[in-house]
Amino acid sequence: MAEFLYVTAALLLLLTGLGLARMLWGPSPADRMMAAQLVGTGGGAIALLIATASGATAMIDVALVLALLAAFAAVALSLGEPGTQQRDGGANS
Amino acid sequence: MIGSTTLYGLCATGLVAIGLYGLVLHPSPLRKVIAFNLLGSGTFILFGVAAQRGAAAGLLADPVPQAMVITGIVVAFAATAVAVALLLRLVESGGSTLEPSAPDPQDDRPS
Amino acid sequence: MSLMADTLTIAAVSAGLFFFLAGTVGLLRFPDTLTRLHALTKADNLGFGLIVLGLLPQSPDVASGLKLVVVWLLVQLAGASASQLIAQFASKGGPSA
Amino acid sequence: MSLLPDFALMLLILIAAVWTVSARDRRDSVIGFIVVGLLLSLAWIRLNSVDVALTEAAVGGGATGLLLLRACARLGPNETEGVSLKVSLRILTGVLCTVVAVALATIVLYPIEPAPTLAPTAAAHMGEIGLGNPVTVVLLAYRAIDTLLEKVVLVLALIGVWALTPDPLWGGAPGSLRAQHSSGPLTFLAQVLPPVGIVIGVYLIWNGADRPGGTFQGGTVLAAMWLLVMMADLREPPEIRLHTLRRLVVLGPVVFLVAGFAGFWIANGFLSYPPDLAKPIIVLVEAALALSIAVILGMLVAGPAARAPR
Amino acid sequence: MTPAAYTATEGGALLVVAIVLPVIGMLAIFALGLRRAERIAYLVLPVGLLVALAIAADVARSGAAVTYVLGGWQPPLGIALRADGLSVTLMVLTAVVLCAVGLVARGSFSTPPDKAEARSPMVFWTLILGLWCALNTVFLSQDLFNLFVALELLTFSAVPLVCLDGRRETLQAALRYLLFALIGSVLYLMGAALLYGAYGTLDLAGLRLLARNDLATSVALGLMIAGLMAKAALFPLHLWLPPAHAGAPAAASAVLSALVVKAPFFIILRLWFDVAPQPANAMAAQMLAWLGIASILFCSVMALRQARLKLMIAYSTVAQLGYLFLMFPLVMASDAPTAWESVGWTGGVLQLVSHALAKASMFLAAGLIAEALGHDRIENLDGAMSVVPISVAAFGLAGLSLMGLPPSGGFVAKLMLLTAATETANWWIAAAILLGGILAASYVFRVLNRAMAAPASDFACKASIPLYRELTVLGLAICAVVLGFVPLQPFAFLGIGRVGLP
């Protein structure tokens, strides 16, 4: 069973890696952020798979933190403006 | 035969080289700070490799370098925070954040 | 019992992997930002859920199983919020170049 | 087992790193950096350093990304920033980086055998502390002075950030972190996630005594929850002159120092613990430190005061 | 192969106090938000000086290093603190300079009576205390990673001091300083990672016993020294220093120039003489010396060309730091039985100490002159002598040390270096020392000439300076002069604790 889970983790890593192409291609920041999102969830899943396969349950906590903070990058991205040359100087005035 | 630990050592080497390149050459401080973080990550992985190679006495990895890395990550975050605050203040005061000698025609001044 | 659990694990995890594959393909192949987003989040969340489902029978104790479920719930929540935020972000500036 | 997955992970990290340095737009670069951080936490799992993986997940994926993206939002997004164009300089730097990389790679490829390690020594003395997580024991007992001084570094960094406050605004609150357009999903997230996050943060701190986790990981998670609430505009950042805030910031270092000095009376010297009391003392110190870390990290991201005190 | 254990000595607990006391003061100022931040600082400064003197007395009396093992955990697992002759010398120097700076800064960084807390006093005093903790840790710690944390403490305390006034130029200088410092830190840390991978210890004494002459060790030490060079502003990595040190308020500049840049140099000394496998690499020593020579010549010429007094002094700092790096080949080529019995080593250390005193005095004097005249343009210094005569005198006395004229600590230091250079037939180094002295004389006299000139008819004094501030500055300058009466030979005190490590 462990072997199967390791192989799945490896395949999932490859898929995540393919998703990175979207980060390179873009074209908009939203597209790139999606790739980051995929790495976050995919990474969480990989951590869970390795944790179960190796029996090191502490690794589940890594997935827990990854999942908890998965939306953070998207939230932070939405602080800014999507594309135009604008400055968020008003936020602190 | 190269072990997986060695692979991560090579990964650290790559991160160091990439980070160093960006840190020296990028004219914009924000990009320098990002490159500094890459360089730092590479360095931390070097500690991680030492930790993994030092697995012994029933521990999966030597805890001492791990503790050092955690301390290092905290310090790197603090450095990033100070640098970011500094460069935001610089932009707000109307200054260019670019190195004065940089040939880049554009600067961070808001339009 | 163990055989049944293993079969469930293999089936569910494989299905999860398939949905991840679908999500990645969608992310790469779909023509514009919003459809890509849709494909990614739907497939991702399903995929993640199935993998968690598959891992549940393998978890050594109740606490770990519980944590798996919490992780799944968090990913659901994060996925839903993040996709909406990204969609809002993308539509704010119109289709950007 | 096959090396392929590790090789793939290494390749992905390097690709994301190259993108981070070479992207034209600075926000793209930050996204690249977040991806590197997420992938690195997987690498740390593979290096059997779960404590570090947790830290990297919390900091690389969360705090640093937030800090940098917020900076991008305030700087304005669309400035093209290529690498400096002077060819001679680029070649020189390239050569320098290659030399460093080759030297490091050679050292990595021909390690000392058997690898020197402190693991046996560290494991041998764990019984004197009574904690199960060796990394926590290193951080709070064997090398406690590093941790203590690192907390001082955090306080100094906070002072350094606050020092950038324009004089008339001193004592006031940092600028609001909220997004320009309030949005339903964000508010929802900020209402639902923090209770869970606080539980997880406390769990990480508590768990850190015996299993991977600890003050910094837990504290970062707590800080992230606080920041989320501030970003959703459910709370404003506090004024930096507030005494409560100041006291929370120094709470961790002060408790640590008191525990350290207590060692002169109840054990044999500064930062040493009596074996039967070691665990409660360390857990107490960890709790105080985590609280301070959460407050400091949140305020570091929030930045210098931008409004006059009320 | 386990290194000999450290044994905690009688007064070892004082070492902890030396490190922790400033932290307590800093946290107190930060947390209490007192009406007058400086009150706590004035409490901490004299006590800290007494602690440093007590440790020095202990070392002098026992003739051996004072040691403390933190938490009772033996290195390499734990961390040891150790004060030898060199470290206590620098600790006392630090305490003296900081106390003097504290006195002079009272005029510029007192909390206004109508406010509960003001920005610049609060920031200044907390950061000065943070610096003190960092410096004492650098001088005492025996662990390379702990030294990294100390270096970071130093960076985080020093950078905000540069941009205390919030002007655009100083913000820019601070940002550049921070970036250079960060490169330095990360290179240092990389070296530490390699050393840990090679030896499984970062304890100085342990490394000294184990150090091999192999690739990993050379690369590690090379990276660390390169990183520290960036922090110590050795040519050509000095670019950050002049704007940063010139932009900071005078009291902060004094600390930055006198003490902060010395800390990375001190760690280079430790690495070179306590860690590197002996004999050290002769080519590396020559290279450091050549960079030192370039620092001396290039930055002295730059100092001559500056229009602003503080910028001139800042360039002079880089030049004077260059002298420190001359000692490596001189010590290597000397035939003294140990490094610390050679004339070159003593001369280098003496140069470090006398420059610290002289430069602190000079920056403080420049600050007072600028306060009195309302500007620091060298061209318009006429009349300074009539307004702040004591400060101008202090500037001149401190200048003696920089030029290397008798009687001054700088004279003895440079004479020792010169002797060592001629003894070991390093003629280029000897020539650089002489030429550097002539250049220093030109830039110091350029200022003094203007300052002594009769005031212009429309001359107006902007502010009157209390006598105690001027006298403090003069006191520092006199200390630098008094160092000139030490005997011209290696001092046994600086060698205490260095034989038979640990």
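First chain written, first letter: the chains are A, B, C, D and E, and each begins at residue 1.
Everything below uses one rule, namely that a residue touches a chain if its C-beta (ideal position, glycine included) is under 8 Å from a C-beta of that chain, and two chains touch if they have at least 3 such contacts.
Keep in mind it's a predicted model, so treat the numbers as computed, not measured.
> Which chains sit in contact with both members of the pair subunit A and subunit B?
Where subunit A and subunit B share a partner, that partner set is D.
> What chain lies farthest away from subunit B once each centre is taken as the mean of the Cα atoms?
C
> Give the chain pair that accounts for the most C-beta pairs in contact.
Among the chain pairs, B-D has the highest number of C-beta contacts.
> Could you work out which chain's C-alpha centre is the most distant one from the centre of subunit E?
The most remote chain is C.
> Subunit B to subunit C: how many Å between their CA centres?
31
> CA centre of subunit A versus CA centre of subunit E: separation in Å?
Each chain reduced to its C-alpha mean, subunit A and subunit E end up 46 Å apart.
> Round to the nearest whole Å and give the separation of the Cα centres of subunit A and subunit D.
Here the centre of subunit D sits 18 Å away from the centre of subunit A.
> Averaging over Cα atoms per chain, report the distance between subunit C and subunit E in Å.
Computed from C-alpha means, the inter-chain centre distance equals 57 Å.
> By residue number and range, which residues of subunit B touch two or more other chains?
16, 33, 46, 49-50, 53-54, 62, 64, 68, 71, 75, 78-79, 82, 86-87, 89, 110-111
> So which stretches of subunit A touch two or more other chains?
In subunit A, the residues touching two or more other chains are 16, 29, 33, 35, 40, 61, 64, 68, 70-71, 73, 75, 77-78, 81-85, 87, 89.
> Which residues belonging to subunit E are in contact with no fewer than two other chains?
77, 145, 149, 152, 156, 159-160, 163, 166, 171, 190, 194, 197, 200
> Touching residues of subunit A toward subunit D in the complex: what are they?
That would be residues 6, 9-10, 13-14, 16-17, 20, 23-24, 26, 29, 32-33, 35-36, 39-40, 43, 46-47, 50, 56, 58-59, 61-62, 64-66, 68-73, 75-93 of subunit A.
> Would you tell me which residues of subunit D are touching subunit B in their complex?
Residue positions touching the partner: 3, 6-7, 9-10, 13-14, 17-18, 20-21, 26, 29-30, 33, 36-37, 40, 43-44, 46-49, 51-52, 55-56, 59-60, 63-64, 67-68, 71-72, 74-76, 79-86, 89-90, 93-94, 96-98, 100-101, 104-105, 108-109, 111, 115-120, 122-124, 134-135, 137-139, 142-143, 146-147, 150, 153-154, 157, 160-161, 164, 214, 216, 297, 300-301, 303-304.
> For the complex, which residues does subunit B have touching subunit E?
Residues 16, 23, 29, 32-33, 36, 39-40, 42-43, 46-47, 49-50, 53-54, 62, 64-65, 68, 71-72, 75, 78-79, 82-83, 86-87, 89-90, 93-95, 97, 99-100.
> Where on subunit C is subunit A touching in the complex?
That would be residues 6, 9-10, 13-14, 16-17, 20-21, 23-24, 27-28, 33, 36-37, 40-41, 44-45, 47-48, 51-52, 55, 58-61, 63-64, 67-68, 70-71, 74-75, 77-79, 81-82, 85-90, 92-97 of subunit C.
> Touching residues of subunit D toward subunit A in the complex: what are they?
1-2, 4-5, 8-9, 11-12, 15-16, 19, 25, 27-28, 31-32, 34-35, 38-39, 41-42, 45-46, 50, 53-54, 57-58, 61-62, 65-66, 69-70, 72-79, 174-180, 183, 186, 189, 193, 196-197, 200, 204, 207, 211-213, 217, 221, 224, 228, 231, 306-307
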